Each structure stands twice: as structure tokens, then as C-alpha cells.
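Each chain gets a letter, A, B, C, D and E, in the order it is written, and its residues are counted from 1.
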């Protein structure tokens, strides 16, 4: 199974470990992630206005490359997933937008939303299958009580993202079960961590991430997992009560027995 | 009215020209839908004239050709949604007949946008008005029907 | 160009007339307490062309873009898009960036992911 | 052909002698040998029945009137393609098979006199098959041409040597000679479809403007069996004896084709008899092509008593807007 | 040539404000055949009708054109008018210059011009009208009521009272419907069961009423006065004649895990069950999906304990054919399961319930015997939050676009009942609007606030979360302009109501039209609210739209009176606008027979004289009692032998010609 892969800038720097755990796990699962050439930053935030073109071009380039490679495009970072998937939806449905983009970029072959955008979690769920994943676990995380933190970007807007029920998602909980641990449901798992407000109005980020962690702790979570570097930062650094926060790929690598391989470089 | 050399439809001249559109509407759904549009004061061009028929299946291709002959620029047939025909199956037959007739007109080189079928229920006043506005817009753009018309009927 | 109601509607693509004033957006908003004007007020104030207070308000920059209000709005009003449009209208004006590169070093800490900076720039600066 | 005719005449005599039939619809030559029309024969003139490569005319329509009256059955001589029309007429109760004895006769393809003339052959006195070639006796001596070059349009796209109806076969279908298919049925329709609307319009105008409203197409068509045609009925509101303008030319042919849509077996009689050589069969074939594409393959007359495509439906039928969207 | 009178109605200012009615009358007066043309303020009024009658007499009119509102409105009125003046009622054509002209155009000149064209087309058509006579068809004096809730029962009782037979077909094992599940009713707070169970008993006891419970309508054919229905009687595996309803079997049945439908799945029942103590008919039913005997062949306990010997595992589905003169649809509603509203935790917390579930939790016959308890803990809740408009009034794909109408009132009732029994329990209601249009409704709501101290907060809940031993509710308070964070023990969702899913199939089989929400459409929103557009099919209760109990009962009785109107006639006059075939033109090809949905066309050998020749021909004959006048046959007929009276080909072409002139 081969996929085009869009790591995104944070996975090249501060969240490199998210990337490395994912690549090692993918390899162990027989998934080939081929990095899109010369990808550019997605911008981190989808601009929800009718008249912005420039902020979406990088995503279209990556999408068009995946189309040309004949592969689905896989992302790991929730923000990249959100931006690229929504831009792809624009390319599919907003004729005015995509005409302008194609005129501007003048690619060899016009792009019209042909590429399928997947989050790595969807590959695990829909391609590998959690039952199959469970069979490949060599080091089950039995007894660990883990809270899944979805945040906003994986799920919303639900009509576009189509990853899961935006109000009662299950994919991360199923993932946690597959690696042998016990999922902990808590109310704030799909509420915002404060995001980039950590730069503008830190008090909001502190209030939000604390609320998330408190909610998780109240339901008995021992640690949290997330797919987003910014969520991880807010929950780990800005939240008042402390709780360990991991990338979901770290626990995946651990369960598959490839954690050391990942940490020591592939 | 003069036919130009190539039988090309001439686009409307600066607003003076108003295309004539005949709408055949089934009594139970679409004619009632037109009434609903009226009760809701939803406007559509006055050059659309409605002919009430009991069912879309009452509309003979002869009527449609007759309308074009006498100078209609567009003909639209409206009936109940498939499955909702007051007479159970009438619109299914109408659907096949009109599909084949429209295809034949297209085959003869007559602008295919001049004919249309829409399913509009009694409740869909808004759809009725929107459909008529859109169809009028289309016919306006196509201009006068030159290809399928009896020039003796011109005054 | 002066910022007016039409401009906001055009940038956002939102039709505030769809709103039935249920307040679910404000019942949902996780940044509510940090805002002077709340999501339902944005919808109402834009519809009433009462823009001055909004343009001057910090609330423009407080929205988390978490899209919870978009997700839960029963009438597909998409308040967050409206807030974003007001903000874009402001920062697109000359000299109205809300975040300047000079301010950045003081805000950084070693753990902060790039994503935060990129996103903040996209949000606050033109 | 000559031996088939001999065999046929012998069979006809047998059927008369056995008292099965008392009259027969056969082919007779007109002023010229190629001017062949169906005609009624009785015991006295059986031997005048022709059967050669000019016997293209589809006889089945003749049975609508011919089967009425008479004490015994009427004998019908049906080429394979004629049996499709025969079935269709049974389906529509236009003929009663109880009153007819249908004899299936083999056919190796009928020729189009216009195509022979186009080869520069004139003064034709007779025709004889010679393998893949035709020997043509003329006032000026014997000429020869390839049969495939002069076949009727219908025979170029022959439906095959099998009869789909009938009481008896002159020779079993398996033993009959194969009839090569020389063309794809929809090629000409597709060519027209590929044109721009303007080109199509102009092409059809150039054809239909030739129409002199002689009604030959209608009179020859085995599906046009109305006792009174709408175009002849003053109370129909559309009756007319002549085309007075473009519109009426179009109208007549659209309605004629529409009235036989789903019933037309594609026998091609309309084009064969058209004195102006308008390819009218291309209208019928367009309907056939659309029916096949939209509602599934359908051959009118392939079997009797089935519901045609315009008197049936499915809930999932395509919408008329397909005409706009299919490109 | 007809002598035509043209009558242009002003409809007060409805037409006259936009259309120059005098100009229309003047222009139409010059049309060939028109001998009289006038305009008048209200043509449908008594004096307007007299004007028409006088003109018919004074001018010897043979045809009448009325330019007024839609023929769907007053065609019948004006037919009667001209008929009373001695003219055949079908010598009338109406030009719809209100709905299709004055109401949709603003420009006076344009609208006047269009009205003239429409009038001209009507004149052209009426020129070709011929007098038509209605046919008589007999009426089967029995009604079918589909659905045995309060609507169906009331309709059946009223019809039976008038002396006609009625069959009720109810898909559940008992009649009674939703009302039997309710605890109290607003705004009187009287006990729902106490008023509905006597109705159930009356219904069962009425000798004119036959109840087919646990049965479904499979198919309906025919037309007003002459419907034929196939009823599918599902097997109960219990002989309803023998079963005494003692309930012994239900105490012995070892399969106890099926969700109890009557209690909205809040508790369980046995595989053999009686839905509730007052069920009618009071007989047991075996749920084949749960019964061990039916699934594995082993068990048979119920058969052993049944003293009446009523158990019959071999019972089979039965198809029953019945004939009816009229059909009433009373298929009712359901409350949506708010599974798509997970911000309210419906799937994730047992303490989040719908209002119908709450109704069962409050009911003395419910799973808690009327004691209010949190489903998760069994404890009395300290604070209950009620959320209004869940799934109603929205445009997103999970939402219904309409107001469910009854929620405001039943929520006030719920809060009031809670406060009445447990004054210490806090009740908070989040509302968008409080809608109380009804007699004593607003007073009732005000009592909840003023006397019972129910908190009403204008705002909406954004999210409900599982907290530590409670539910955390985050909501907006729009009037205080603040966000609230409340703790509650129960959340009650006023989830939208929707038509019962069986309605769509029934609508299709009856060819009764439905709106986009699957509510049945009425023949006229104002004037014919209990009739479906299909003749002989009537609407009762929620199947037509959200309504409360008194409205339902009113509609049920109204539908019954309409049915009685049909059944009390010995014959019905049928629509004379039907197909007929000209034997001289008919080819006998049978194509028309194939497209007729009613089987109204047959073929006969007839002696025909055509062009001086006499011969026997096979020709089409239309059964005038069966033909509904759709016209499918007319287009199928290539020779034009088949035509439609009232919508004849030459009439339609005359209209086309007039419009395109």
C-alpha cells in the first residue's frame, strides 16, 4: 500500500518525533508513505473566506502532486489534514475558486479535486483495520487508561472532514483499544485547546487547555493522546493540572515494538 | 421577422425582445405549484403562459411542436415528481416520451435548451418560480426560436 | 475602502438572515468569556450594519476558529466565518496587522511548535 | 436465387393443392424488372411470382388488408427481416396469425437499384447472382458488379438469416447461406451526433427540404398502419396534404418517426421507397439508439406480444435532462 | 360558434390592483364568439354569481369564461352557477389571472396584457367545449382507517356513529397510539390514559368497527367509492379469539430481554407480551425475533401454561381483501431519536432522554411506576434541564425545517409536573421562543414560570458533558448576555416529531401526495384541510402535520364527516373529463390498454361504419366508471382515436395557438 505523504512543517521541526513514530509504525504495518516533493507549508489555518486564493495554493500543489502520483494523500498533523481536506473540497465544489487557482498555477493538468485526502488514522481504521492492527501489536498497552483528545481540526466541519461523528467520535478510542489500552471518554475531548491563542491571548489557551485536562482527569484518564503538535503543546505546557500528553503515533510505535527504532532514527 | 442566412438564433436585441414560453403543467402538482408560487407572491416573467393539463402524460409531442410552430421560443413540461403522480404512473410515460422527443429535436439540430421537463410538487411554489425564472433566462440567452417555427404565423 | 456590511457578507459568504437567534453558537463557544462581543452578537450586529464596535473590538482576535459554532448551528449560519471576515476586513487595511514580527521573540518559548506561529501570522497579519 | 424460386413455387403449389391456403402475397414486377411490389396472387397465377435480388419490399404490411376475407388462410412469404415486422403486427393485433400461413424463405441480401444505376448501369432487364457478384442483363449486354456494393441499406446491417416467426421454413435457417454484415448500424447516426448542432440542423434541412410529401414512406412502413393517419384527418388539427414550409417538413417527419418509436423494426422501407432519397431511416435509428442506451437493448418484433419501450417504464428511468448532460 | 360570456373578477384589489380589469373585459369582448363581457368586484359572491346567471339568460350564452382566481379554487363553484342557469357545467373555462398573473406581476400594463392573453386562450378553449355528463358509480359503504391512535379511533367512532362500517388497521398489537403512552395532557393536566383507554374500549365494543391490530395495509387500488385494499394480518402466534389476556404466559416466558416498546425501551419485556394492561385487544403477542420456541424449536413454556390453549406457533401471515368507499390516513408520528445530536450526549448518557421517554418516566404505568428517577442512578434528580427545538426549525441536514408545535407546551407540562410532585427539584428550560398559541396555553406556560418557579432561559445549550456524578451543561443566556455552566442530573430533549415511516409507502399506494417532510398534503391548505388531493382519501391527525390532541381530535371528526359525506351517497358522480375512443379511427393496437394505470380500457369487436364501409373491427372501449382522465392513452394512440373530454387535443392546441399569437 503506497500513499503520498504530506508531513507539514511542524513535523520537520518541533514534532519530528510524531513523524518518526508514524513512519516506523507505517513500515511495520506494510504501508509506504512517499513524501510529496517540495511541499510547502499549508499555512496551518484554513482561511474561511470566499476571496482568498493565495493562502490555499500550497495545498493545491500538494494535492495535484498526489493526483499525478496516482496516490491518496495522507497527513498526520490535524491542522494540515484540516487545511488540505477543506481546500480539496473547495477544488471539488467551488468552480470559481478552482478556475482561478488553475489559471494562476497553470499546471500541466488542471486540478479539480481528484485526490482523496486521508488522515493516517483513516488508513489505520479503513485500510489496515483496527482488528488487523490488534493482531500486529506485540507490546499491548494493557491496563493503561488513555484519554483521546481530538480537538477541533480533525473533526470540524463534519460535512467536509467526514472523519467521524464530530460530536461523538470513536476512531481514537478504537485505536486505543486496538493497542491494548483502555479508552477514557470525557466531555472536552472535542473542545478547543486554545490553539494559537497561546501567542495572542495566553490566558485563553491556559483556560481552555486546563479545562480539557481537568475533564480528562475527572473521568480517570492517566494520559492523553493527540494527533496535533499545537494541541500537544497547549495541553502539556499551558494546562494547569499536569498530565502526560503523547502523540498517538508514539503509543502506536510502542505497541508495535518499533519505538526504539523510531527514536534512534530509522 | 427575417430569418438570417445561417438559420442561427439571433440573441435578444437590447431588451426589446421578450421570448414566449409555454408551460404545460399537470393539474395536481405543478399547476398547484404555480398557484402556490402565486399565493407566495413569487414572481416570474409574464411571458410564460401556463396551460393546464390533467397529467404530464397528456402532453402530446404534437402540442410541443405546435407551440414552436406558432412562435414559442421555449416549451417546458412540469409534472408531479416521479413516484408521486396523481395517476400513479403518468409521469413515467411522459418522462420516456419527452426524453426521446427532446433527444430527437437535438438530433435535428434544434437548441436542446429550448425544451425542458421539471417535476414540481404542489408545495414547491418556490421551485416553480425559480424554475420559470431560470428557464426564461435560458431562453432569453438563446434568443428567438428560428429553427422550429412556422413563418406564416409571424405577424 | 470603507468596511461595510456588504463587504463582510461578500468576504464571508454568510447570510445572517438565516439566523433564528437561538444562541446555540454562544452556548457553544469555548472562548466566550474572553470575548466582548459573542458569536450571536456578531451575526446580529453585522446584519444590522452595526460594525463600528466590532471593528474596534479585541473579540475579532479572540475567536479560536474551532468551528464548533459552525458545526452546531441549526440553520447553517456559520458565525465563525463572519467573525473571520470582519477580522480579515480589518487586517487587510494598511497598518492594521494585529501581530508584528518584532513582537514575536518575546512570545516564543522553546517548545512552541512552528504551527502556532504560522497560524497566528495567517490569522493576525496581512 | 433461381433454384430458391423454383423450390418456392413448388412449395406454394403444394400448399394450394393441400388446401391450406387459397391466395398468396408475392412479388410482381412493374413496368421494369426492378420495379417490384407486393401483390396478391391466386391459384391461377402462382407461377408469375418473382423472387430475385430485387424483391426487397417488406410484405408484412400487405397482410393487414390481405388477410381479411378469403375462405382459407393467406400465404405470406417472409424473408428473415420481414418476420420482425410480422411479429410486431401480431403484437399490435393488426394481423391475425390464425388467418395466415407464414412461410419463411431465405434471403442473401436485396439490392438497391439506385446503387446499380450509380455504377453507370442502365437498361436493366434482369439480374442473377453469381457468388459475391451480380450478373446484370441490360439492353446493352451483360454487366457485372460486386453485390456488396449495391445492397440495400437494410441488408448492409442484416439482422441475420434466422426467422423469428412463421409456420414453416422453406429451408431450415441453419442450411441457409450466411449473410455477411457489411456495416455498423449506428455509424451514420453517430456521425450526425458528432456534428455541431448547426451542422446537424443544416444537414437535416438539406435532406428534409427535399420532401415532396408523397407519403411513400408512410405507405410502405409496416408500422404505419393507422386506418386514418393523423396527417390525413382534418379534425386532428395537423392534417396537411403538402408541406408548405420548413416547419411542416420537420413536423411531419418528427411525428412520423415518433409514432413508430419503439415499434420500428428498422426495416428501412421508408428510405428505400423515398423518391427523393432522404435517409429517413436515420430518424428511426436515432430513436432505436436512444432506446437502447436509455432503457436497455430492444429489438422491436424480435418476439411477439412484448411491451415496447414507450408503453413501459421503470422508476429509475433517466430524466429528459440527459439530453443536456450527455455531451 | 359558441355565444360566449366573459366575466372578469377584481377579487377585491387582489386582481384589480395589478390588472386593469375593465381593459381586460373590453379586449376580450372583441374576441370572436364573445357576446358579453364585464368585470365585477367579487365574481364568486352571490351577486357576482347572479350577474353570471342573468347574463346567461339575457344573452343566451352557450359558453362562459371567468377570469379570476385559480380553477382549483372556484371551478366547482362556477360550474354550479352556470348549471343553475341551465348551462351544462362543463361549458366553463377559467383563466387564472390571480395566482398566475396579478399576484406575481407588479407592472400593471404587463399584467393586463398577460391577463388578456390568458382570457383569449380560455375563450379559444371554450369554443371547443362540449357538454359533458357526469357518470354515476356505486359506493361501497365501508371506510378504511389506517392507524389506531387517537386520530384513527375518533374518526372510526364518528363514522360508526353515523351507521357505517369501519375497519381500523393498526400495525402495533394494540390500538391507542402515542396518547396511551402519555402521562398527563396539557393544558389541563388530566390523565392521558384515563381519557384514551375508554375510547379504546368504545372502539373495540362498537359493532360497526372492525379492528385489524398487528396488521398492515399492503395495497390499495381503485378510486373514491370503490377502493380495494389488501390487509396483511401478521401472525401473533396466539389465537386472538381464545386468548383471555390473563397474562400468565408473560410471567413464565424465559426470554425477558426485549426492549419494551411501550416504555420507549427504558425497560424490557418478555418475548410473549401484552403491550400494556389496558391494551385493546387484550391479547398476547409473540415477538418472533425473541421467542426461543420460534427460533430454536425448544421451550414452548407459554403453550404449556396457557389454559385457554391460545398459543399457536404455526400461525401464518394472512392476506385479507376488503372493499371500501373511502380511506382515512391516520398514521401518526414518531419523535426522532436524537442520535445525531451527540453534543447533547443522548447516546452516551442514560440521563439524557427525549421528552417521550420522560413521559414514560413520569407515568404511573411506566418503568418506575411514576417515581421520578435518574435512569443511571435511580436517585431523584436535583436539577433537570429541558432543551427545546432539538432537531426542529433547522436547515442543516440533521434538522427538520418545521416547528414541531407541541414541544413548548409539553415541556411546560413536564416542568410543572416535576415541580408539583417534587418542589425541591430545579427545572430549567432553554428556549428559542415559547410558542403558546392555543386556548389557555399561554396562561399554562405562565403558571409554570410564576407559580411553579420553572426557570425559563432564552438561549440554547451548546454542549452537555458527563461531569463527576452529574451532567455539565454549557449554554447561552441571551438576555443576560452570558454563558452559563450548569450542573444537572437529567437533560430532557424536546426532540422533533416526524411522520411515521410507514406513511411514505401508504402515500404511494394511495397516490396521495406528500410534502418534502413526508407529511401528507391537504387538497387545499385553507379550505380542504382534511382531504388529500386524491378523491376519497382523507387525513386525520399528525400524519398531515404537527398538532396537539384537541386539534387531532377535531381533524379526526372533520375527516369522519367528510367520509360520511361520501358513504351516505348511493352513487357518486364521476369526473366526466375522461378518455373516449373514436371507433372509426381506432386501429385496435392495444397500446393504450398497456399504459392505462386503472385497467379502464378493454377491446371489443364492434360494427363500425368508416368511409361508407360497414365492418366488424376490434376497437378500444373506455370504462367510464374506471377512467380517471389522466390522458396517458391519448398520447400513446398514434392515430388520434383516443382523446380526452375536457382536455381534447384540439382544445389544448387552440390554447397553444391563442397563447402564441
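The rule we apply is simple: contacts are C-beta pairs under 8 Å (C-beta built on N, C-alpha and C of every residue); 3 or more make two chains touch, one makes a residue touch a chain.
Owing to the predicted nature of the structure, the values given are computational and were not obtained by experimental measurement.
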Which chains make contact with subunit C and with subunit E at once? A
Let me check something: if the centre of a chain is the mean of its CA atoms, which chain is farthest from subunit A? D
Set B-E beside D-E; more C-beta pairs touch across B-E
Average the CA atoms of each chain to get its centre, and name the chain whose centre is farthest from that of subunit C. D
So, in whole Å, the Cα centroid of subunit B is separated from that of subunit C by 47
With centres defined as the mean C-alpha position, give me the subunit A-subunit D separation in Å. 69
Between subunit D and subunit E, what is the gap in Å from one C-alpha centre to the other? 55
Between the Cα centroids of subunit B and subunit D the separation in whole angstrom comes to 36
Taking each residue of subunit E in turn, which ones touch at least two of the other chains? 343, 463, 595, 636, 649, 653
Overlap residues in subunit B, where contacts from two or more other chains coincide: 61-62, 66, 83, 89, 93, 97
Counting only residues that touch at least two other chains, what does the list for subunit D look like? 230, 237, 310-311
Each pair of chains that touches is included here, namely A-C, A-E, B-D, B-E, C-E, D-E
Can you list the subunit A residues touching subunit C in their complex? 8-10, 13-15, 41, 43-45, 47-52, 55, 77, 79, 152, 155-158, 166-167, 191-192, 194-201, 203-204, 207-208, 211, 228-230, 232-233, 236-237
Tell me, which parts of subunit A touch subunit E in their complex? 159, 165, 167-168, 185-188, 191, 215, 218-219
Under the stated contact criterion, what part of subunit C meets subunit A in this complex? 10-13, 30-31, 33-34, 58, 61-62, 64-68, 70-71, 78, 80-81, 84-85, 88, 98-99, 107, 109, 111-120, 122-124
Could you pull out which subunit D residues touch subunit E in their complex? 92-94, 225-230, 233, 235-237, 259-260, 307-308, 310-312
Complex interface listing, subunit E residues touching subunit A: 340-343, 347-348, 397, 463, 465-468, 472
